[in-house]
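Just so it is clear, A, B, C and D label the chains in written order, and each chain counts residues from 1 on its own.
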Amino acid sequence: MKGFDKRVESYADALAGLSDGMTVLAGGFGLCGIPENLIEQIRVMGVKGLTVVSNNCGVDDFGLGVLLKDRQIRKMVASYVGENAEFERQLMSGELEVELTPQGTLAEKMRAGGAGIPAFFTATGYGTPVGEGKEVREFNGRPHILEHAITGDFAIVKGWKADRYGNVIYRHTAQNFNPCVAAAGRITVVEVEKIVEPGELEPSQIHTPGIYVDRLIVGSFEKRIEKRTVRTAA
Amino acid sequence: MALSREQMAQWVANELKDGDYVNLGIGIPTLVANYVPPGIDVMLQSENGLLGMGAFPLEQDIDADMINAGKQTVTARAGASIFSSAESFAMIRGGHVDLTVLGAFEVDVEGNIASWMIPGKLVKGMGGAMDLVAGADNIIAVMTHASKGGESKLLSRCSLPLTGAGCIRRVLTDLAYLEIEDGAFVLKARAPGVSVEEIVAKTAGALRVPDEVPEMRF
Amino acid sequence: MALSREQMAQWVANELKDGDYVNLGIGIPTLVANYVPPGIDVMLQSENGLLGMGAFPLEQDIDADMINAGKQTVTARAGASIFSSAESFAMIRGGHVDLTVLGAFEVDVEGNIASWMIPGKLVKGMGGAMDLVAGADNIIAVMTHASKGGESKLLSRCSLPLTGAGCIRRVLTDLAYLEIEDGAFVLKARAPGVSVEEIVAKTAGALRVPDEVPEMRF
Amino acid sequence: MKGFDKRVESYADALAGLSDGMTVLAGGFGLCGIPENLIEQIRVMGVKGLTVVSNNCGVDDFGLGVLLKDRQIRKMVASYVGENAEFERQLMSGELEVELTPQGTLAEKMRAGGAGIPAFFTATGYGTPVGEGKEVREFNGRPHILEHAITGDFAIVKGWKADRYGNVIYRHTAQNFNPCVAAAGRITVVEVEKIVEPGELEPSQIHTPGIYVDRLIVGSFEKRIEKRTVRTAA
């Protein structure tokens, strides 16, 4: 009886079934809280033609940027894609399709995908290029646009601690998009820094309940810092 | 003389009220945090999921898991909370943030703002700006009044793709503070030593000039 | 002979798969938890915000802050998580619950279910039932096949106000297990000693009877 | 400088400004996690003609039931209103207007209200009395109905621990509707069992961030149990 033990043996097992043309949702904000090793595994697998939904697209040599370099991504859905020269090149050359989505709308689209809400109205993006071609309706005297949910074939998530049941907590601002992504994957794969014993996580303090998690693995993380800003002791 | 970046930040800081939750965009808005008046406590919201952004960390306290929306390493202050991006924008979209301060390329007399895209130049994305302008009740757009070539950025109609439609009512430029009312900019204050004539000359959109236009003090 | 309440629960329990997340409604569905087969682990979802409902507490462990959707005092099992009602129904509505078992007054050949309201009688509300039937992919409606007066509850069209439209594909009654396919009930199994003729007589909606209708075993 | 200190001195202060005809959102599920003392304060104030949005309506002599008895409630929006004889009487006599709303839709309507989503589509209630008169649209081959957000003039919430900044955590299943309600009030009032020192609550473990909370007070709670069910030691 495996029951609710979500642990898998290897990164190959973690992403078994991922194939060309699939949609992958990825957690993280900039390089913070990104599923580093799952991204690397996608690189190793060499799957192509992916649609990737993630707030950002990494940097040239780290995070999702490595999948761009290997031309594994056909389409990117993101709110901000700076800090990436290869990205620029592929976008300008038309090799890469990009759907820019406001950050909050992106988070809400995935939250809706996980929550079985197929579409919702938001004021965000009305009157802008984002609103073009979308249904407009007035609520409380203000125009809103209709936005649709996003779900993915795979969701790749970076957690801090988890138990074998797949209950996950995130550390500090490495939480960001991860819980939204976790809920919206058909197959949700979480990599964490540490797997703790059942009972160690207080039930009411779990960020992502195990029901959303299909596979769980422990990794080690570089956690690259994009902008190192410090103060000096006063 | 035109306001310096620091003076613009300082002016905005004086608009803060004790107990305000504030989102500061990248650039001059970020500087506002340095000028919070004494006796006033504000809580900074960073849209990646941090309410109560603190100072930058000491070198030895840097933590890759603690960043702000500008991807800078930061700390959390007393009273901070940390949450998901969905929750963060629920807060923003739901109008719970009291004040949003952000930069702009252009604003117009209808309250439209363009701040994220210049066609022909590379587009890096709107990030959270569209959500912020649509969500906050109270937004201050902070910008230079005109381009270096002297072309006004306060227009009758924005020429660039919009970040938000009809959502801006307050604009601080290096020359003036203006409010948008009934399809016109209303000149509320001018930078020290800047003449009403200069502001009129550099404002392309309809501008109403009251009899008295106080000079800002610093 | 018609199945007892316990046998109905036992039959449903045999449909459970190891690792299933399950929501059990009030009444017979609740009894299912008592018959989970050995070697099978299931996690019970309680829509007030508890995933991993455990046994009732010992007298000394009763906690007013730990209840299930039936408002009974319960405990949380290993691997449990607790969350808000919004999150709980995100889980349900989003189809993350593998199996929902709930009682019904009527079902029909279109997969409609009526389980919450009898006009003329006092209406206490649908609670979470409408969300559950709309959200789970896999629902088993558990009910008596006919009223005490012999009137069928498996209809061509529900007569009572619906809980959900077109969402039921599996029905367990005290007489039979049936699936709904292409506008008809399909008789898949009969209770021990219950004849196909009795089931036919007590099924008002279109019924397809395969050549072989196995008898349930307990 | 009061800054972010959300504490008020008395229950009178906590509900100052609540007046006849207002909409009040109340947390709790059954009698679990209900804002007992805030409800009692509404009784004491004697305001009338309230619209109350709450999953349940208490019992005859406890919780929101006491406001029914005093006929302070004009309209009730809830998913389940059993266990209450006075409720039955007023409903049958037409004194009380009731809008029955599916539990998950109710939670989502308040979540939407707090999150600035004016309306969303859900499959819940399609083809039932709940769906009557509502816009229907098909998504993924399945009909959905359009549901609107709920907000309230006041939200009354029961938390476990809070700090003076109004950051709140809930205990066990007493969480239930409370976070949804807290986010959807124009004025949100939280009563808790304990106020802890700033810094005691881990920032990433806060259920309701202080930005949603306007007033905070410590109360003592009866915590009545509706259905006492126990097992005997094996």
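One rule holds in what follows: a residue touches a chain if its C-beta (ideal position, glycine included) is under 8 Å from a C-beta of that chain, and two chains touch if they have at least 3 such contacts.
To keep track of the chains, here are their UniProt names: A, D = CoA transferase subunit A; B, C = CoA transferase subunit B.
All values reported here derive from a predicted model rather than from experimental measurement.
Enquirer: If you walk touching chains, what's the least steps from chain A to chain D?
Expert: 1
Enquirer: So which chain is the furthest away from chain B, centre to centre on CA atoms?
Expert: Greatest centre separation from chain B goes to chain C.
Enquirer: Per the centroid of Cα atoms for each chain, what is the distance between chain B and chain C, given in Å?
Expert: From the centre of chain B to the centre of chain C is 55 Å.
Enquirer: Can you give the whole-Å distance between the Cα centres of chain A and chain B?
Expert: That pair's centroid distance is 29 Å.
Enquirer: How many Å are there between the centre of chain A and the centre of chain C, using C-alpha atoms for each centre?
Expert: Here chain A and chain C have centroids separated by 35 Å.
Enquirer: Quick check: what residues of chain B touch more than one other chain, meaning two or more?
Expert: Only 50, 76, 82-83, 89-90, 92-93, 135 qualify.
Enquirer: Which parts of chain A, given as residue numbers and ranges, touch two or more other chains?
Expert: Residues 108, 111, 115-117, 122-123, 171-172, 175, 203-204, 207.
Enquirer: Treating touching as the only link between chains, describe the layout with one word: line, ring, star, complete or other.
Expert: other
Enquirer: What pairs of chains are touching here?
Expert: Touching chain pairs, listed by label, are A-B, A-C, A-D, B-D, C-D.
Enquirer: Can you tell me which positions in chain C touch chain A when the two form their complex?
Expert: 18-19, 21, 39-41, 43, 45, 50-52, 76, 78-83, 87, 89-97, 135
Enquirer: What residues on chain D touch chain B, complex-wise?
Expert: 1-4, 111, 113-117, 163-165, 167, 183, 198-199, 203-204, 206, 209-212
Enquirer: Which of the residues in chain B come into contact with chain A in the complex?
Expert: Touching chain A from chain B are residues 46-50, 55-59, 62-74, 76, 82-86, 88-90, 92-93, 112, 117, 122-131, 134-135, 161-166.
Enquirer: If you look only at chain A, which of its residues touch chain B in the complex?
Expert: Touch residues, chain A against chain B: 29-33, 55, 78-82, 88, 91-92, 100, 102-108, 110-111, 122-130, 143, 160, 171-180, 207, 223-233.
Enquirer: So in the complex, which bits of chain A are touching chain D?
Expert: 108, 112, 115-123, 137, 139-140, 144, 148, 169-172, 175, 203-205, 207
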